[in-house]
Structures are given as C-alpha cells and as structure tokens.
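The following block contains the structure, expressed as structure tokens.
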Amino acid sequence: MSEQKMETEPFLQIEDLAVEYYSDGKVISAVNGVSLRLEKGKTLGLVGETGAGKTTIAKSILRILPDVGAKITGGEVKLEGKDLFKLSEVEMRKIRGNNISMIFQDPMTALNPVQTVGDQIAEVVRLHSKGEKHDFVKRAEEMLEMVGIPAERYHEYPHQFSGGMKQRVVIAIALACNPDLLLADEPTTALDVTIQAQVLDLIADLRKKYNTAMLLITHDMGVVAQTCDDVAVIYAGKIIEYGSKEQIFDHPAHPYTIGLFGAIPSMSGDEEWLHPIDGLPPEPFNLPKGCTFHPRCPYATEACRGGTIDMRRTADGHQCRCINIDTVKKQEG
Amino acid sequence: MARYVLKRLLWMIPIALGVAVLVFTLMCFCPGDPAEIILGSTATQENLAAKREELGLNDPYIIRLGTFLSDTFIHFDLGESWITGASVKEAIAERLPRTLLLSIIQLIISFGIGIPLGVMAAVNQNKWQDNLCMALALIGISIPNFWLALLLVILFSVKLNLLPAMGIGGIEYYILPALAGCTNGIAAGARQTRSSMLDVIRSDYITTARAKGVPEWQVIVKHGLKNGLIPIITVMGTHFGKMLGGTMVIETIFAIPGMGQYIINGVNNRDYQVVQVGSIFLAIAFSFCMLAVDLLYAAVDPRIRARYAKGGKRRAKKA
Amino acid sequence: MMVSVTNAAVSAAPRKKQSEFMRVMRQMRKNKLAMLGLIIFIAELIIVLLAPFISPYDYTAMDPIAIRQGPSLQHWFGTDDLGRDIFSRILYGGRYSITMGLFSVAISTTVGMSIGAVAGYFGGQVDNIIMRLLDIIQSLPAMLLTIVISAVLGSGYGNTILALSVNGLPAAARMLRAQMMRERDNEYIEAAQSINCSKFRIIVSHLIPNSFSPNIVQATMGVANMIVMAASLSFIGLGVQPPTPEWGAMLSGARQFIRQSPHMVIFPGLAIAITILALNLMGDGLRDALDPKLKR
Amino acid sequence: MKKLGKKLVALGLTLSMFALPLAGCGGSGDGAQTTAAGGSGDGGAESTAAAEVSGGLSSLEDGVLDIGVTVSWETLTPFRSNIANNVPFAYAAYETLAKLTGDKEYIPWVAKSWESAGDGVTYNVEIYDYVTDSAGNSITANDIKWMIDESKEAGLKPCFSKVDHVDVTGDYTLQIVMTEDMVGAFEQILTNTFVVSQAAYEGSKDQFATEIISTSSYLMTEFVADSVISFEKRDDYWQKEELIEPQNAANVEKLSFHLIKEASQAGIALETKTVDAFVQLDQNTATQFEGNPDFTLKAMSYINGYQLYFSGDESRIITDDLNLRQAICYAIDTEGLINGVFAGYGQKMHDPIADTSVGYLEKWKDEEYYDYNPDKARELLEQSDYNGETLVLLATSGSTMQRLCQMIQGYLLEVGINLELNLVDTALYTATRLDGSQYDMTINTVGGDSLPDHWSIRYDCYAYSTGDATGRHDEELAELLRTTWTQAGFTEENIDAVHNYLKDNMYAYGMVQPENIDVWRSDLGLQEAVVTNKGSVNCLSSVYGE
C-alpha cells in the first residue's frame, strides 16, 4: 500500500499489522493496519498517546502478546526477508533475545525478584550460545561492567538496586547477545530526568558498538529529537504521519502531530497557554468512521468522516494520512 | 538465619509450657472421676479413695500443676497412662511418627497435586481445563474427609481389592488414609496456586523472560511459580494444622494407632497424663512443622531471607 | 462490653455501610457462581426452617417394618436402622447443623474481632501478650482443642457450639489485628486523633468498619469449616448425640451399615457437602466482590 | 451466559466423577439382604450352610490365623485392671491357676487341685511341680504368693481386696485366707492370678510392658499397642500331653489378633480377607454374612444382659411408684429390641442377671416376666400417680446403647410416658451412675461370675455411702441378700427368694441378653468350638478340620 517500492529489502518490514484484544465479550482492535520500515543500524521513533497500540506493536513483533486475550489478525513482519509470523515457536524462540530483544518501561517490575541479577543476564546468554556455565557468567559480568554496574554485584537481587540501576540490568539483558534489532518500550519514562540522560547515552553507545537498529516507543518528543532518525506518529492503532525526524519536526503535516507539538512548552517563545488537544482518544472497540481523528480535529470536513483515508505525500516528501494537508499547511504557515 | 531459627526454637519452650498449663487446666474441669474408670464399677469405696490418693487427685490444683510441670519439663519423666499403666513416652515414640508421617504425606500430595492443577488452571484461564480444575477443587473442599474415607475404602479395598482397608504396615497402608485426608489440601492448594499464578503471569518479568526467548514451560515454572510460592506456602501452612486435626479422625476409620486415637481415648477415659503429654508433643511437632514452613519462605524468597539475616526482627507476615 | 462494641460499630455508621453493602451486592450479582451458592444456601435455609410443615414423616416416628429400606417412593432417602424416614431427619438435621455452624462462627468472629481490635489498636505490651496467648492456642491443632473442650463442657448442642467457636477465634483475631495495623497508619486515623477523638470512638467508628471486610470472607468460609468440624466431632463420639438428627451424628450412626444399606451414609454426607459447596461459592464471590486485590 | 454454561458443564462432569464411588458402594446395597433376618432364638446354634468340612488351618495363605477383635491391651503387664480383660488372647498371654469354662465349671490349669478347709475362708491350693516359663524359670508357690500379694497391693482388681493373707505351706502348696465367706470370691482369685516367675518379671526391662515371659503354651512374637498382637505355639510347653484339658489345648500354630474398633471396617476386614475370623462382631454387621457359604456364624449368649435400673433416690417420683415401674416394664417390647438393635440375635431375660452366671435357676425361664403388654401398661399407668412428667434415662453414648435408648423412648411414648435421654460418655457415666437423684432410670450391663457378686454391688444398701447403686435404702433386701453369701446359704430357695423380691418390687428389669457372634471363614472347617466363659469361641483350643 506504500507508494514507492524500495530497491533493496529493508532490514525490518512491517506490512498491515493488525491486532485485536478480547475482553468479556467485546473485541478491541488495538492495531489496525500498521506498516513500518527500518534500516539496519537506524532508529525509528514511534510516537503517540498511551493506549494508541505502541507497546502492542512491539510485542507482536516478538510474538509475546499475552495469549489469553490478544490475537494477531493480519499483516506480516519481515526481518531480513523472513516473515516472523510464519516461523514455528521453536524458531521464534531462537530469535527472541538473540536477533531481536526488548527493553521494558517499568524497571521496578521488569526483573525477576527471586533471581540474582547476574543469573538473569547469564540466562539469555545460555539460551543463545554454546559453552560452559562459567562462559555465561563471564559474559554476564562483562555486560554488567559495560552498563556501569560493578561485576561484584553479580549475586545481588533486584530489590538491592535503584530504579536506574535496574534499567541498566534490563539493558544488559537486552544487549547481551548483540541483537540486530532492539525494541525499546518507553525505556526512560519511569526514570527521573538525570538518570534518563545516562540511560539514553548508554543505549546510544552500545548501539553504535554493535550497529543495532532500534524501534524506540515513546510519547516524549525530546527523547525522539535526541535519538531517532525517522519518526512515525501513531493514533488509535494507525500510522498517521511517517517521515524523517527533520521533516516531522520542521513541517508537521497532520493536525494531530501539530497538536502534539503544540502541547510541548517550547523554551524559546513564552506561551501563556499550552494548546492541549481537546477531547479524549476514541474508545478502541468503536472507532469513529473515516479518519479516526476527525472528532477532535479543528480542520475536520465532511469528507473526513467517510471513506478510508490513505497516506499522502506532503510537499517535503514525507507521508501523512490526511486529506486536508494543504488547508492545514496554509493556516499553520 | 541461624539466629532466627534459634529464636524460634527458644520460643517453642514457652509455647509448650503454655499448652501444658492450658490442657492441664481444661482437663481439671473435665467431669468424671479417673479412679472409678480405672477400678470399674465393682470397686469398693476404700479402693477408690486409695486410688485417688495415689493419683494425687485430692491435692490442690496448684500443687498438681507444679508437680506435673516439673516432672515433664525438668525430669522429662512423662509418667504412665493412668488407665493402662503403659509408659506414655514409649506410646508417643511409637505413635507420633505415624501421625506425622500421615500428615506429611498428605502435605506432600497436596503440594504435589494441588500446585500443578493450580498452574494448569492459571495458564489456560477460562478454558475447559480451568473450569474443570476449579470445579474439582470446589468438590474437594466440600467433601468431608471422613465421609470420603468410607467411600474410598468401599471403592478401592472392597470393590477393586487394590489397597488394604485398614491397619499399618508398608507404604500401601498409608495411601488410602492420605488420599482421604488430603482432598481438602489439594483443593485449597489448587485454588491458591491459581489465584497467585494469575497475579504473577500478568507481571512484567514474565514478559521479560518470554522476550529473552525462555521456553514457555520454564517461564511458568522457573519464573512464575517461584514468585507465586509465597502465598501458596502460607495457605499450606495454615492448612497443615487442619490436616493434623483431620488425621485424628482418619485414624479412627483406618485403625491406625496414631496420636489421634491415643488422645481421643485419653480424653474419653479421663486419662489426664496421656492427654496432657500427648497435647504437648503434638503442639511441639506442629510448631516444628510451622517453623519448617516459615523456613520455606526464606528458601523461596530472597527478600525475606535478607530480612532474617538482618536479625529477623519482623517475622514473615502470616496473613 | 466487648461484644456490644462491634454491634455498636455496625449500627453507628449505617449510611456508609448501606452503600458499601449495595456495592458488594452489585458485584456479587455479576459473579454467576457466587449467586448460585447464595441461592442454594438460601433455599436450604428456607427448607430447613419449614421442616415441620414439609417433611413427609415425623422425624422421630419409628416404623419397625421398614428398617433400613433403600430410597423408595414413600421414603425418598430410605429409612435408617430404627425405621425412621431419613429425608425428614435430614430436613430437621439441617436446623442443627447449619445453625451450629452459624452460631459458632458468630461467637468466634465477634469475640475474635474484639480481641483483635484491642490488640490491634493498643499495640505494645497488650498486643504482645494477646498475640502470645493466641500463639499458644494456635499451636495446638484446632481439632484437639475442640475435643478437649467438648469433653469438659459435655456433649450436646449448646456445648458443642462453644467448643467449636474456640478454634475459629485466633484466626479472626489475627486477621482483624493485621488489617487494623495497616489501617492505623493511614492519615484519616491521625486526622481523627488530631480532633482528639476518644480511643474508643476511633476503634468503633473508624478502624473496625474499614478492617472487618476480610473477616466477613473468613466468616463465610468459617461456617463451612464449623459444619464439617461438628460432623467430625459426632463421628468420634463427642459433639451432638444421635437422638438429635444432626447430620454428623446421622452419618456417624449410619457408618456401620455402609455395606448393607449405603443410602444411610450417602445422603447425610451429600447434605453436608452441598451446604459447604454453597458456602464456599458464596465465600469466593464475597472475597472477590469485597476486595478484588485481596485475592488471598 | 456462554461462560456460565461451560462452568456448569464442568461442575456436572466432576459431580458424575464423584458419583462413581457412591454408585460403587450403592451397588453393593442390593447384594446382601437388607431386612433384619430373624436369627436363631436359642443360644449356641450354628447357622452355617452345610459346607463340608475341608482344608482346616492349612488353607490359611500365610499360615497365620488372623483374628479381628474390638478390644485390645495397650500394655502386656500382668498387673491389670478389669478393663479389657475379656480379650480373646488373654489365655495365650498368661496362664492362671484355674479356668472358668463356657459351661460354668472351674477346671485345673497351673493349679493341680484346691479345696476349702471347711471354715469358708481358708483354702489350700496345690500347683504342678514341673511348671516352667518360656525363659526356663521354674514356678514355685512363692511366685504365686508374690503375684497375689503384688496384685492386692496394686489394688487394680477389686477381687484381690477380698484376700486376707497367703501362706506358703510347701514348695508347690499354699494356703489362701479370704476376708469373708463369700460365694465365688475364692474362685475369682483362682481365675485372676496370672502365673509369672518373680525373677523373670523383676529382670524384665519394662516390667513386661512390651514383652511376656509366661508359662503359657504360646510365645508372644509381635506387639504393636492398639493394633496387633501375635503368638506362636511353644514346643517346650511344661504340661504333659495327656493332662492337658481340652479347654486348655493349643491347636493353632500361629495366631495374630488385629484391633479393629471401627464398626464399618469390621465387615470389610472379613470381606477383604485382612482377617480370617472376627470375635464378638457387631450383630448388624454379622447379618451381612448370613447364608454366605464362605463364612460360618457362631452365635452364643453374651455373659451380660441389658438391665433397666430404676432409681431408689427419694427425690425421684419413680422411687415409690411401683405401678409406674411395672407399667414401664410392660410397655417395652423386648422382642422388638432384639430385632431392632441386635438384628434378631438375642433372647428375652427373666431376671436382671444373665443365665450364664453361677447360681442362675433355669426354672425362672418358664415364669411370666413382664412380657410386652401395652394395654396392661396403660392400665397400670392409670393406677400410678404419673401425670405427664418427663422421666430421665441415663446411659452411655455407645452406638448400640443409643439405638436401644431411642427404641425404649419410642415404646414409652406409645403408652403415654415422656422420656428424655441423657447420653453421656463412659467417664461421665461412671461419675453419675451411683447418684440416684440424677436420673429416673439407667441402663447398664452389670454382670458378675456369680449371683451374690452381682447383687452385692447393685442392691446392698450398705455397699455405698448413698445406699445401694441407685441410692435406695432397703434393709429388708440387704438381709435377704446376705443369707445367700456364705457357701451354706447359697441355696436354691434363698436365691429364688431374692429373685422374687426383686421381681415383685421391680428395682431392676432384665430386658435383653444379646448373643455374641463370632464369624469364621468356612474353609477353616471349625468343628466343635471350645467356648470361653465370656461367651465367645476360644480360638486357641478349638479344633479345626484337618
């Protein structure tokens, strides 16, 4: 459905991914038709409000959606040409933690409280590499040093570490087998600002070292600006704007993206009022027809309410899912 | 850790003393005169009076309590049963292991069957396995164990002639009594495991484990179950008391000469010595098992182990 | 005085209680199985209360011809070894068994909560002594203590209730104390202290209403345990004696005929099992409705 | 709704699964007949299907005769109280000077002979001079004297308190002097003095608590308190073959007695061959084996009957109301009791004392003794000054006693007498039975080897501080009793006089004398069973078909 066909196969290709949840009788379409592309070593920022389906996308790439209520109902995810959804569970397990790994949002609960920190790292190494127990321990100690934790603390338990230190352990686990793709699900949200910077720098150094591609999920535009190459804005399970960082930051085309930028206090101008986007994100089980943003969009026209809204190319070449790009561009100017 | 265990062991002495005083006082208020029971209905008044004097029943309460406590706790002379003259120490040495063996087998079966059932129910929640497990658990809790004991005897000993219906001997003698006694335990274990596993499965470190490529069953058992064990152990600990009590009834049905029958006969025959000393030993054995359960906490959860190591001031929350 | 403390608590804050009660009921209605349990239990209570009118035979009438007959049209549950109709005896027996369970739980919960309240609020030495006493009582298996006490008090309906109520007591006290300890550190208690509420008022109108919900759940399950315990007591010859048609006594009396006329053993056992099943369903529903995070 | 449906289906599925055991034992219900089969009225009848006598003890798989019992010893000490002294293995454990047989005569055992010195209190006893125990110690008169003195001092068995002193008159002869001339007192010493070597007893590590060194023809091989006790025949038994009385013979190689108190398990133990025989099986459980060719039932009169004692205490209305007491006796249908409670195994009594006691006159059985007659009962009730008060019946809470009391309650209600049951456990019963003010009637099974024995503890108003056993003060009856105590006074018309006095004043009403039932595997080929004085088969000395 994307306009131009890239010459070489992209490193990671997601086509029309759709995921539905079932809870007491109601069907919730968390992700309905998401297509993304990521080059090797590059970073893609996935930005949107909570509940827009960001984490679901990451989890469906790794196929670790909690199977009680969630089901992938369509689309495909190709990693270096191989469609992950076609793989058997055993093959998928070889990829998890080895080719693709994930960092989670809340470090406080992301580590197993009854297992030593070192063992948790050694476990992922053991799963994906041959060798004796002491090799894995050595590797785990290396990773601890690499993320700035003294190796002596190998045998300590998660409750003996601070939030920031725990996130470092999670990162050590994720990067222990030098994965090709790193899915970072809001890695710094639960940390305070000073620790946030250290963690981001740590991720950046390690990625440069192993040339790891990263899908960064966040709702913090500052983090996107600092680390991402491309940006995709997601709203109610659909990508509504997709382009390079410069294109999105300099010329946001979709009213929602503009609204997002409007909600950030900019250091330069002294705005009396921030412009929050009025209204609330739509109920996932009965999404509005046509453009899902039209109830909250100041530029909504009759056309927006009906029919499917496709991605359009904007002036500077990035894509946007809005039929009134021109009128919006004129007024925002 | 050793400090904590020592503290708990020292703590058992006042508990044993407390139990001794409590049961002694209770037995004093028991109607019925032991002398008449011993000598039977054909005894003359002089016989009875002599017997009462010999048993010291005429002394005031405080003196009798004093002699009893000094005999038991200082001289470790556990005396003889008033009715049969059999030494209490030997009787307990013979019977306590049987009752404890039966209770511990029941505990192990309850853990052994209860937990996997609970995990299976939690893993495929709301599927047929879940409903079946929970229905089984509900039935298990509802059936009184002595009634089930009778039915099991009919089914397995009489109809199928597989297992001995009564008496003591090899391990096969303990299967039916243990089975009858532990259905409540299995049911409680399964229900508790299911509810704590449901909490655990939704937590983040399970997703982390899955993201690491850990096989599903390892995720559930190694990561999930190990974290869910604390509330399960708590329920099992409290349930062990009920099981030990239940064993007393099961013993009467399966003609197992254990502590239960011993104490019940003691109470019926107003055999004060047997009931008092029997209760003390049952209480001590019970406290040892509860201590073992508490130590299980520490073994399973490092956070508690840390608290114990730090002088163990706050004992693990029992609620 | 202690006993009245808790009754006063319930009446002292009815308004807040009402909404709480409604919320609990709404939540219970959602849980189908809990409603099933509630319906079965209520049905049992009604049938048992109407026993004199709906039981086909007088439960003491002996019919020397129909000794130990299996279930038939005239006698739905068959007759026992003295020719009495088992169906009517189970209806009457329900009065004894269920009320025994209810009363003993009521006593043990009330007294237990009073002790728990005192220990919970005053803390320090008082709490320590009470807790050590409870340790001693709890270090004995409940059945043993009940046996000794029922031997002291003698057999019979009232005495057995007292004997049974002893073993639920430590658990109720401990539970309320633990809950109160948690509630005591909340701000609204400090607020009440700051406007120098008397200690008594704080316990009655603030601490207890917020702490006793787990006790309710435990009480529901407690009734089931007490019924089984009462039946086991009769089984070993203590507790209620056979002239009174209590289910446990019927079961105990009938067990020697299990080979020739098993129906005498099956029906009382089933009656006990169904009552406990209903109570457990209610207990589960109540626990989830009252405090979802309390999924102990 | 779909979710609930699935839950209910699962619930139903498991319910049916649990119905399996119920159906299992339900199925058996129709197997054995359920109606109470009318048992044989007279005692001692064998109701076997005429299975031909075969196999004998050789058909025992493990060569051990396993016998189920309902009473057992917790300790094996020879100094015992009267509790559980009717255990079937008593004869295998210890021998006594003499043995009281099923047909009420004293046969010599360790004692060679004994005779009274004429003054009614002194008796000379001679024992065999070649008696040895299993450890090889030889038994002399000193051992016997030591045993009697020790037993008297221990005060466990009241019969020894009637011994004044014992003198050794020779290596194997001794003289026993009683405190008073009482019929049967000396004989009780003969049958209750265990023969044990003093040296062996004092050398034993725990005074024979868990081991036995006795002169018995059996050696105890295994003992687990409250569970099992096993014996093996000794080959070095001291008595010469030809001098062994048939009641003392040792005809079984290996024996094992299993304690099974649980009523429901007794029948099952027989069915599952856990035991090869059961002594004193509960009558209702025994009906299950009637007409079953694999099992032989042997019913014998029990030594005691169930007696209804009326209170003699002034405070009770029943004490002076003879009409009320007689009305109660006529209101009780003893045949109904026999069928309802003892499944037909029992006989109506004609005196509070059972017919197995020494001194029982057979002619009493032909006399009219308050046969069931509700109209007469109502008539007597009119004449009595009873107007609706609730009488109290005190009894123990054993399962048989409970059913008996409930039936009596039913019978009295029919004629218009309200009765309240006060069922208590044994300990409480022994505490209140002597206090006549606590009850109007009490049921007990008081026996006694001989009549005076029974009478002295029940009706002698000088026996207890409160009068007789129910608080009655009847000097005239006490005089009458005393005439029968001495050997000389133990004549037929004295006994008859007491019988008629009790019958006319109705202080106690003998209701039902149940029959003990011993159940045996038919292939053991039990021929003529030797019967003990307690009314059950003596498993040691009985003859089994070879």
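By letter and in written order, the chains are A, B, C and D; residue numbering begins at 1 in each of them.
Just so we're on the same page, a contact is a pair of C-beta atoms (placed from the backbone, for glycine too) under 8 Å apart; a residue touches a chain by one contact, two chains touch by 3 or more.
Note that this is a predicted model, so its numbers are computed, not measured.
In terms of their C-alpha centroids, the spacing between chain B and chain C amounts to 22 Å. For the pair chain B and chain D, the distance between mean C-alpha positions equals 38 Å.
One finds 89 Å separating the Cα centroids of chain A and chain D. If you average the Cα atoms of chain A and of chain C, the two centres end up 54 Å apart.
Within chain C, the positions touching two or more other chains are listed as 151, 154, 237-238, 255, 258-259, 262, 265. Residue positions of chain B touching 2 or more other chains, listed in rising order: 30-31, 126, 138-139, 143, 150-151, 154, 158, 252, 268.
Contact topology of the protein chains: irregular, matching none of line, ring, star or complete. Pairs of chains that satisfy the touch definition comprise A-B, B-C, B-D, C-D.
Contacts from chain D toward chain B in the complex involve residues 3, 6-7, 9-11, 13-15, 18, 20-22, 24-25, 27-28, 73-75, 77, 79-83, 155-156, 158-159, 161, 206, 209-210, 224-228, 258-262, 264-265, 268-269, 271-272, 274, 425-428, 430-431, 433, 444, 446, 448, 453, 457, 463-465. Within the complex formed with chain D, the residues of chain B that make contact are 30-34, 36-47, 50-51, 81, 83-87, 90-91, 94-95, 126, 128, 131-132, 134-136, 138-139, 143, 150-155, 157-159, 161, 164-168, 252-257, 261-262, 268-270. By the touch rule above, chain D contacts chain C in their complex via residues 3-4, 7, 22, 25-26, 28-30, 32-36, 262-264, 266-268, 271, 282, 284-285, 287-288, 336, 339-340, 397, 399, 402-403, 405-407, 409-410, 421, 423-425, 428.
Listing the residues of chain A that touch chain B in their complex gives 59, 62, 64, 66, 68, 89, 93-98, 101-102, 104, 106, 109-115, 123-124, 127-128, 157, 159-160, 170, 173-174. The residues of chain C lying in touch with chain B in their complex are 132-133, 135-144, 147-149, 151-152, 154, 171, 174-175, 178, 224-225, 228, 231-232, 235-238, 251, 255, 258-259, 262, 265, 269, 272-274, 276-277, 280-281, 295-296.
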